[in-house]
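Please go over the structures that come below.
The following pair of complexes shares a single chain, chain A, combined with chain B in the former and chain C in the latter.
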Partner chain A sequence: MRETLAYLWHHRTGRIGVCLVSFMVLVAIFAPVIAPYGPNEQIRGAELMGMSWEHPFGTDFLGRDILSRTIFASRISLTAGALAVVLGAVLGIAMGLSAGSLGGWTETVMMRASDSIMAFPAILLGAAVVAILGPGFVQVAIAIAIAQSPLFARLTRAIALSEARLEYVEAAESMGATKLRIMLFHILPNSAGPLIVQASLSVGIAILLESGLSFLGLGVQPPTPSWGQMLADALRFIDFIPSYAIFPGIALTIVLVGVNFIADALRDKIDPQSVTKGGSN
Partner chain B sequence: MLRYVLRRIGQAAVVIFIVSVVVFMMVHMVPGNVVTVLAGTDPTPEVVEALTKRFGLDQPLPVQYAKWAAGAIQGDLGTSPISGRKVSELIASRMGNTLLLAGAAIVLAAVFGIVVGVVAALRRGGWIDTALTGLNATILSIPNFWFGIIMILVFSVWLRLLPSGGFRGFEREGLSALRYLVMPAIALSMDSGAMIARLVRASVLDELSRDYVTVARAKGVRGAWLMRKHIARNAAIPVLTVLGLRFGQMLGGAVLIESVFNWPGLGRLTVEAIETRDVVVVQGALLYFVAVYMLINLLIDISYGWFNPRVRASVGGGE
Partner chain C sequence: MAPLLEVKNLSIAFRSFRGVRRVVDGVSFAIAPGEQVGVVGESGSGKSVTMLAAMGLLPGSAIIESDGIVINGRDLSKASDRQWSAVRGDDISMVFQNPMTSLNPSMRIGPQVSESVAVHRRGTSAAELRKVAREMLREVAVPNPDLRATQYPYEFSGGMRQRAVIAMALAGEPAIVVADEPTTALDVTVQAQIVGLMEDLTQKRNLASVVITHDLGLVAEMVERVIIMYAGRIVEETPVGPLFDRPAHPYTRALLESRPVTTERHGRLNAIPGLPPTSADAVPGCPFHPRCTFARDREICRTERPPLTRFADGRASACHFYEEVLAAEEPRTGTGQAAPTAAAADGEVVLELEDVSKHFGKVKALNGVSLAIRRGETLGIAGESGCGKSTMARIAMGLLKPTAGQVRVNGRDISQLRGRALREARRDIQMVFQDPTSSLDRRMRIRSIIAEPMVIAGMKRAAIAARIEALMEAVGLAPHYLAAYPSELSGGQRQRVAIARALALEPDVIVFDEPTSALDVSIQAQIVNLLDDLRQSANAGYAFIAHDLGVLRHVSDAIAVMYLGRIVETGPTDALFCDPRHPYTRALLASAPVDHPKHRRQEKFVVEGSPPDPANIPSGCCFRNRCPLARDICASEEPPLIEVGAAGHRAACHFAADTALLATLPTLTITEQ
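On to the complex of A and B.
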């Protein structure tokens, strides 16, 4: 962990990524301290105002301070992104490990299942899952996790297959370790690197998907603010308060640039693609 | 080769079968079905029963699935109980718009990606390369639907140059309908363009370091000729693959851009159907997207096998 952070800090764009993401995480944690108003505080007579000293980003159609809402919305974006990736990784790794270790029809079922998930456009799959589960924070995270799981499943299977040929696995087998044991305690720890890179790539995609679903009205429900939902409002009132569209989008972009820079830096170190290429047949 | 093609078609068929079952089940899990939508707020039991019968919802699920799947194979995806139109007609009526948008975006992405990628590769390490690579990284991180909103802000609200959304087709407006296409196409092409640029830069650099380039140079082949006749051919394969895949995704994945610009395409159709709980349309549209996506993937894979015997061998023996 410390080693990875040190590596990122010495990587040119990695350092920028760490700074941007840390900044946003701090904003999310200290939102109540930084934000000048509450996220749902309605200031009467101040509806749809442009930029001013009292409201640097203006106010929305209910007279709520856009700066404060942008700040509070960071919480949804970051936590939904993180939760979705954790869930997706657990699901995908389980699929990949069982496919790689058990082989046979388990492998066929798992791999065709992940092919099937990947055949859907991610945002529509997310929208359909949310339509079943109902809108809300956890539901959105689950929807995104399902869309992300095949990436982890494929990568894990490829690693499992290539690692299974190595001597340490043979050694463990000869000492009578079960397949499950070898998978969980020998192969998985050795494949942490590529999985971490995949996870860092997935965080960016997950945050983007969350904002997209929120934009379509399928994310967290009002009054809880999220950037996607704010952008949908901004588009509706774009003739009245043009500045509304700018700030939630910039906040979202800052997070995405940060996360993607970190992911790119990690990928320079360990390329999951190279593992997949070497592993599949 | 034939064995390889048959095998890939078999795999695609399995995936489409799974997807069709999943889509069918998924849509039946959505709370509230056609009956509750059509019967209104306080229906009598007779009305509910009649509607349930009319849509065949009283039959067991496997029977319902078999009927739906049999129709789907023949191109009949059912009739929307809400708009009363056939799903296949609804899809056909929107498909032209989606193809137009996706086609325009892919062309923009290809032009942008190839120009930027080649320039960056030829000026490797220089400030132009650094600037272009930085630009790419930034574009890849900007959410394209937000960029679309910002374009509306600048070009529609402030400068009043372009319409903020909608599209009524060439029949009604002639060539001036193109004005509606400009912003959505740019917004949709952005991340693909940046991705292609990255890929082109990497493949050109890769090819430049090959022996055949050194040989050609030694023989006195000059820059532009070398690029066109030797490097472009070899670097084109991965680029065409990614363009094909992105096009396949755009055919179903342009939901957000279509929403921002109120573009009457397939993505919008699906989202509207989800909003109105129009189950039949959601089923049909999802199945359609997956089928198109699988088809494009299949074509790409087969062309790979055609060009590269090693791919044939590995898929034939492995998976």
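On to the complex of A and C.
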């Protein structure tokens, strides 16, 4: 872990990624301290104002401070992204690991299931899940998790298949280890590298999906702020108050760029063959 | 004559985010036209990196400094990639170690062979290129070149692929060829064919060659001059003649003494203690002094780097006391202590295979193999790839189920066990794999690796901790390694960990699958000695699978030779080595690299071809299509394994009793013991 952090820090774009993501995480954690107003605090007579000293990002159509809402929205976006990836990874890894290590009908069932999920576009799948479970924060995270699980399932299965050929698996078998033990104690830890890269890439996609679903009104319900929902609100006013849409957009961009830089740097670490331009140390 | 290739004062370092590590330091050498030179060293000695730098093939992360890399009179030390491309394949070319990965799998053999001509002589017509490819394949003795040129690499056997790689290297008519371990990835009988081919080609074409190798036997057969490298420096340079009798550097001497040889059986090996340094700057003074028997406590060895001193025609040594080394008596393998033999060869049978067969669809990997190992006994198993030795090991381990036959461990048939019963039975028989890098879980600490079999067996924590301590001591590892990961250990240390793990549950049988072939010569000797110690203390039966006949001769009480899933000859080690009764055994022994240039064979017995496909085994005797003695009876009748000569010596050949006929086939030159 410490070595991975040291590597990220020595990787040119990795370091930028770490800075950007930790900046947003700090903003999310200290939102109540940083934000000048409450997220839902309405200031009468100050609706739809442009940028000013009192409201650096302006105010929305209900007179709420956009800076404060952007800051609070980071909590929703980051936790939804992280929760979705954790759920998706657990689901996908379980599917892929059992498929890759057990083979036979388990493999057929698991992989056809993941193919079926993959057949649907993520947004459509999200809409379907929300239609069944109803809109809301947790529901959106579950929807995204399901949409992302096939990626983890396929990757885990591929790694498990190649790891299972290595002699240490045979060595464990010859000690009398059970299949479950070999899966959890040997194959899973050795698959960690590529899975972490996949997870870090997925965080970006998940945050984007959450914004997309919120933009469509399927995600977090008002008045709780999320970036996608703020963008949807701003759409009506984009012609005369551009700052309304620009700042949630910038916040989203910062997180996505940061997460992707980290993912690229991690990929360089586990696969030195594909070193990106930023990777020369 | 001006040298073809001259490297002046070459230093190489690699940059990584952990810092800069120097791997080659001040290496200079020259290769004359038509000269055969061997570059010998262990892994990490810088031998391959040096030659890659001499061909401009190092990646951008390498920092290369030199006073010149001159090929054919042109200094290329500051050449661009383009200029290098013009030289490679035309003036200098390379044969890589593993023919399985050095051919493009999706390109036909013909175009690959003629590629360097297509690149260097633009405008050569397609018809001419095809002709070049055909001619080259014919020259490297690939049968039926017209057809073979249109095939893909997967349709070629390993030996044929290496021929194609050699054809590829020679197609551009270079003046010098660099071969990086050209025979290491090949089977023994195929190795002999490739060595013969390279000798013929270099002579016929007046080609200079540089053979990079760790194998002193290969050097004895193939080259005229040897450069020995250690820790990124040249430590000795000499014609091959005096190398074996009068080495001028303690490292060379130690290497020679640590080899197990095929021609005689001897006592414990003279392992070189310690490990080679990890970089050229790691050890102050002479890089070899911590492992040197001549350094003793001499101040100068610890503080001053010995320069490479020329002391005779064509000879040089980088040792402060080379005169003392030269004056020492002839290097001897083995310490002269009695050869370790089994404590008791009359123990009870712990592992017995009876008429075991294993078929994978049409592939008949194993056909009616029977063998028995007693407690305290070591059975060596020799054979080439595809002979079924690994399949047999996995069946004995209960990892594979035999198609027919019984596997008895301590008298109990384990071949039909399943589930929990099978998992418990497996504890009585453990395995040490070839490559400790893949047989140890890289994400586990050494402590957990050694503890794992005991944890699975449900032993108590305190008992496990005590046992781990004892095991570490038994395999000669310091306790502080327990907290390390496998990647922090050297290859030899990792193999010690694998051995400790196999010993943990005090099994009745231990199967060693090529346990030393992934290790360097000096480390191999340490592991072989460790195995000797264990054989005397641990009370188990051992199966030792190896292709290195020197190691087999050293460790085994009895030997079984396998060919195409059958045992073709078996018997006590000395009987089998001194009086081989199967033509295949004779071929194996005759193909093994010699121990000393004085054993260079006058007449050669190299069997043609490679083992046939186990999916398509010939009728009658399985060896008949490669056997020079084959008659009609060999095609019609399968020879049974019959008793010949000494007690327990059996061979499956119709002519096993006809010693006069067998004597027409050369075998090892056995020196008087």
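Rule of thumb we're sticking to: the second predicted complex is superposed on the first by the 268 of 281 C-alpha atoms of A that agree within 3 Å, B and C clash if a C-alpha of one lies under 4 Å from a C-alpha of the other, contacts with A are read in each partner's own complex, and residues count from 1 in each chain.
Throughout what follows, a residue touches a chain if its C-beta (ideal position, glycine included) is under 8 Å from a C-beta of that chain, and two chains touch if they have at least 3 such contacts.
This one's a predicted model, so the numbers in the text were calculated from it and none came from an experiment.
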**OP:** Examine A:Gly103 and indicate which partner it touches, taking first as chain B and second as chain C; both and neither are also allowed.
**Re:** neither
**OP:** Could you say whether A:Pro32 touches chain B, chain C, both of them, or neither, answering first, second, both or neither?
**Re:** neither
**OP:** Once the structures are superposed on A, label A:Gly134 by its partner contacts, choosing first (chain B), second (chain C), both or neither.
**Re:** first
**OP:** Quick one: classify A:Met175 as touching chain B (first), chain C (second), both or neither.
**Re:** second
**OP:** Give one of first, second, both or neither to describe whether A:Pro223 is in contact with chain B, with chain C, with both, or with none.
**Re:** neither
**OP:** Kindly classify A:Gly212 by the partners it touches after superposition: chain B alone (first), chain C alone (second), both, or neither?
**Re:** first
Subject >> Contacts of A:Tyr7 with chain B and chain C, given as first, second, both or neither >> reply: second
Original post:
Does the superposition put A:Leu166 against chain B (first), chain C (second), both, or neither?
Top reply: second
Original post:
In this superposed model, does chain C or chain B come into contact with more residues of chain A?
Top reply: B
**OP:** Residue by residue on chain A, keep only those touching chain B in one complex and chain C in the other, then list them.
**Re:** 281
Subject >> List of chain B residues in touch with chain A within their complex >> reply: 11, 14-16, 18-19, 22, 26-27, 29-31, 137-138, 140-143, 145-146, 149-150, 152-153, 157-158, 164, 249, 252-253, 255-256, 259-260, 267, 270-271, 274-275, 277, 282, 286, 289-290, 293-294, 314, 317-319
**OP:** Under the touch definition given earlier, write down the residues of chain C that touch chain A in their complex.
**Re:** 15-17, 394, 397-399, 423-424, 426-427, 429-431, 433-435, 438-444, 452-453, 456-457, 498, 501, 505
**OP:** Write out the stretch or stretches of chain A touching chain B in their complex.
**Re:** 13, 111-113, 115-116, 119-124, 127-129, 131-132, 134, 204, 208, 211-212, 215-218, 231, 234-235, 238-239, 242, 245-246, 249, 252-253, 256-257, 260-261, 264, 280-281
**OP:** Would you pull the chain A residues touching chain C in the complex into a rising list?
**Re:** 7, 10-11, 166-168, 170-178, 181, 186, 189-190, 192, 281
